[in-house]
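When the chains are written out, they are named A, B, C, D and E in that same order, and each has its own residue count from 1.
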Amino acid sequence: MIAGLVLAVLATLAFGALLAVALDGRLAILAAQGARQRVETEAPDRLNRDLAPAWYLALAAIGLSVVPFAEGAALIDSPVGIVVWGSCEALIVVTVFLHGWSPNAPFPLIGAYRYAAIGLPVLLPSMFVLIAAALPAESLSFVAIVDSQRELWNVIRQPLGLPLFCIVALALTLRGPMDYADAADIATGTSAEESGPARVLWDIARAAMLVSVSAIAATVFLGGPLGPVLPGPVWLWLKIAGLMALFVLGGRRIARTTPSRMLSILWVILLPLSFLHLAISGVLAL
Amino acid sequence: MTDLIVSLLAAFAAWTGWRVFRVDSMVRASFSLMLSFVAVGGIGVVLSAPYIGIATIFMMAVEMMVMAIFMVMFMMNPAGLNPMVMVHQHRISIAAGLLAATGLGVAILSTPLPSNPVPAEAPVVAQLGHELLGPSMLIFETAGVTLLATMIGAVILSSRRGRFGAADEGARPPGLDPGGPPAGRRPESGGGHHHHGGHS
Amino acid sequence: MQTFVILAGWALLAALLARQGMKAAASSAPQAAPFLGGGTPDSHAWQRYHFRPYTMALVFIAFEMEMMFMYPWAVVFVSEGLTALAEMGMFLAILSVGILYGWREGVFRWE
Amino acid sequence: MTLIIVLLGAAALIGIGLYGALSQQSFVMLMMGLELMLNGALLAIIGFWSQALGGMPEGQLLAILVMAVMAVEMAVGFALVVAIYRKRQADMTESIGTLKQ
Amino acid sequence: MGMSPLARLALRAPVPVFAAIGPGRQADVERLLARRGLRRALTPRDAAVLLLAGDLPPDAMEPLGRVHDQVPRPRRILRWTDRTETGDAVADRLATAWRGLCGGEDGDDDLQPDAPSNAWRGVGPHGQGGTGMMGGTPYGRPMAMTGLDIRDGLQLDRYTARLGPFAPMLPPGLVLELTLQGDVICDAGVVCPPFAQPADADAPVLCSARMLALLGLEDAARRVIRGGRPGALWLRGAVPRGLGRIEGGGDARERLAGYLAGTPAALAVPPLPELLSGLEWAEAMLVLASLPPSSILRATRLREAA
């Protein structure tokens, strides 16, 4: 059982990351980049530079491990699944920061701090949205959250949830209008000094994180493995793929505003919105 | 098995805690403290305190991120490019630390400890929730007020625009000649600019 | 226990992959110089970095503690009913005052 | 047995934290020492709650309060650091002493 | 040919080009790099081919060497000096060079001597190149020193660097000496004015594409250059109101709207340092991109004349 779930997580991550890279049209680019030289910078923090992509990848795997692939079958069937995912989100901010800090170069440094400024407040709407989903389930476990959507998916019951979580997802995967860590005005930011396999591994980790975030969104809002006719895992994979396409294609078409403006938007618009979302979900759940 | 993992994690927590004061880079110091917290959270998970354990990791990851930001902001030589020890009363501190640790250790080993483990599969999170909303409601709301006071205090202390004008006004004495360096302060020289590190 | 082993397992696996999959970085001195579009820096990039929204970060760590109380609250919300709604409403209202105050003082901007 | 291991670990953390809080010249590093001591306290609370108190909910509440104390300590501590730095351009404990004059 | 599937896949990748644009060639290169099969790398670390367009003045040769050496190996430099050579021909040459590099050809060697910027080995108690807290040149570079901040008066470190002439977010040829605290520009000075470009570089299409690229819409920028619609949401809204306001020229948001509608901007730009200092990095780059290259050139000359 456990071995099967480990395999399921690994396979989902691998094929999902492949799909994400393909959706971005970057398969050939990564293949070419992987064979090139890996450049060292002046006096870097070598340990963190090597390990930052690995932590990002590990967090993606951990995030996917709390997702139930079939009803009641999650690799980490934790009673506090939401909190596990929350810790993953917080550690993602740390990881991206380390990735930008470690090369000791100006553009990655600006990207790292920019991401810390945006990534931290992004955690707030994310947590409120997930807690709102936990209310009708009366549990913090993803298995119970799936169970609570048997009659009605959360995407309909809590209509503000998925749009808010989309913003979080884009921020966590450094994508679209929320890619403050690797923007064009700072020459791809935290990755500006990376080349060769290190750059490829970071991109793969980002793709894997996209799989993970989509899986969480599919579980929390689209009923996860629930669905007629087809078996549970297939439904989950379909929903993950759909959400990934939404994030990739949608993220590409929205402009990114300046970080200072986004910070105000996060606190002044998105945080009150997530309060409102929580209040509505609370009243409806009673 | 549980004992083995717990002792490994406890040793890891202590080792990373020790590294905090031994690494040169402030970023590494902050995140080594974070690893120490993560290990404690891990012990919590192993000892059937899933909520407290994981939430420790969550909260501390965020707090240590902020810690790292402030460490780099205010520490001289934040990346430890020139390794340097910035300590005072070093011997006394080591003695105090050792004394505290051994004293507590002896006390632990010599006291008969009660044994009443938490029952497996107990709904610990729900118990905590009922506790918060019921008997400890006052503590819960007081915590809210305390956090509010903290937020307001932090804003007042750290932001420049106070009700009474810019907070740094008067911090720089006026220059001897207009636009010149502030009076009564050593002129800024390269290299040794506010150099406090004479205690090692 | 099992949870812990899985978490540690993923981290170890990823770290091994990174260590094995990447050869050590190497470069000549001009190659290692930080990229500035052909320009040169005067100093190391690592510095006392002025993080602009620092007041926001302080407000954030105080505000974010409310999560610790909220997770257990969410579990018992339905069974406690209106009490839970009222108590958390009050708690969040108290904290919102802090956010509003911070907003009025302009801390959610690049300082 | 488990409880003894946990408490010994907590004692070690408190000892290291005390060393840090006493020895560090810089105010921010001193706060790291305090956090480490609170970490030890947190570990001891988790151990007691899990092994000796039979899962009393108050134990978990205490752990949460320790974390709240850490957050408050950090927020107020760093706000003080900012305020002092603005006045004195210094981050050392000694220069806080001179601020009183 | 015994190529692995991965290598064969790599051959189909668009050529990663870092562009070093010389006088008069900005519009040509921007149009060229919007083609299919080519990809504009924003940092030399991401590139394999360095495209040098135009004849550089002698003082730009050393920066070119720096950028060239930052491209990871194997790498190739391609010159596009002949004005009559068509974009198709250059694209072909780029593709050939890329195929060669993928096929295992050796690339160019470093142009700069292999020596650190300062001697540092053996100095200091740990051999790190410095003594004391802030002294010396650890690892060959000095550490940043403090200075008063312009926004909130905290005396934190200042990072001074010369940026350009081949920085992808600046107009080609412009070298700015910038002093940053965090990501806010505290001080800006023009070291070299941008290279003169023909009026073609001021085309509204290219100006809007530059702004779109900074807003994270590279695909939209390519579509616009090829003559299509940007096909993106929240374009004008993403530019903060009042950013880079110039008397008689509106703000950056209005200029973007104008470019998208196809009207070129005619501006009397204030001197560049005044325009940039005090702005956050992303805002400053947006302001710069919102100005047509000819106005930026005039703005830098203004300061020289004064």
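In this text, a contact is a pair of C-beta atoms (placed from the backbone, for glycine too) under 8 Å apart; a residue touches a chain by one contact, two chains touch by 3 or more.
Everything quoted here is computed from the prediction, not taken from an experiment.
The minimal number of chain-to-chain contact steps leading from chain B to chain E is 1. Number of steps on the shortest path from chain D to chain E, with steps defined by chain touch: 1.
By the document's definition of touch, common neighbours of chain B and chain C comprise A, D, E. Ranked by separation of Cα centres from chain B, the top chain is E. Between the chain pairs A-C and C-E, more C-beta pairs are in contact across A-C.
Central chain by Cα centroid: C, whose mean Cα position is closest to the mean of all protein Cα atoms. Put simply, the C-alpha centre of chain C and that of chain D have 20 angstrom between them.
Centre-to-centre separation of chain A and chain E, using mean CA positions: 30 Å. Mean C-alpha positions place chain B and chain D at a centre distance of 6 Å.
Each chain gets a centre from the mean of its Cα atoms; for chain A and chain B, those two points are 28 Å apart. Within chain D, contacts with two or more other chains are made by residues 64, 67-68, 71-72, 74-75, 78-79, 82, 85-86, 89. Residue positions 3, 7, 27, 31, 33, 35-37, 41, 44-52, 54-55, 57-65, 67-69, 71, 74-77, 99, 102, 110-111 of chain C each touch two or more of the other chains.
Shown for chain A are the residues that touch two or more other chains, namely 37-39, 42-43, 78, 80, 83, 86, 101, 104, 106-107, 113, 116, 120, 123, 140, 187, 192-193, 196, 259-260.
Contact between chains, using the touch rule, shows up for A-B, A-C, A-E, B-C, B-D, B-E, C-D, C-E, D-E. Residues 82, 85-86, 89 of chain D are the ones touching chain E in the complex.
Interface of chain B with chain E (complex): residues 73, 76-77, 81-84, 160, 166-168, 171-172, 188, 190-197. Considering their complex, residues 1-2, 5, 42, 45-46, 50-51, 55, 58-59, 62-63, 66, 69-70, 72-76, 78-79, 81, 125-126, 128-130, 132-133, 137, 140-141, 143-145, 147-148, 150-152, 154-155, 158-161 of chain B touch chain C. Of all the residues in chain E, the ones that touch chain B in their complex are 124-126, 128, 130-136, 138-139, 142-143, 145-146, 148, 152-154, 156.
Residue ranges on chain A touching chain B, taken from their complex, read 43, 45, 48, 78-80, 83-84, 86-87, 90-91, 93-94, 97-98, 101, 104, 113, 116, 120, 123, 140.
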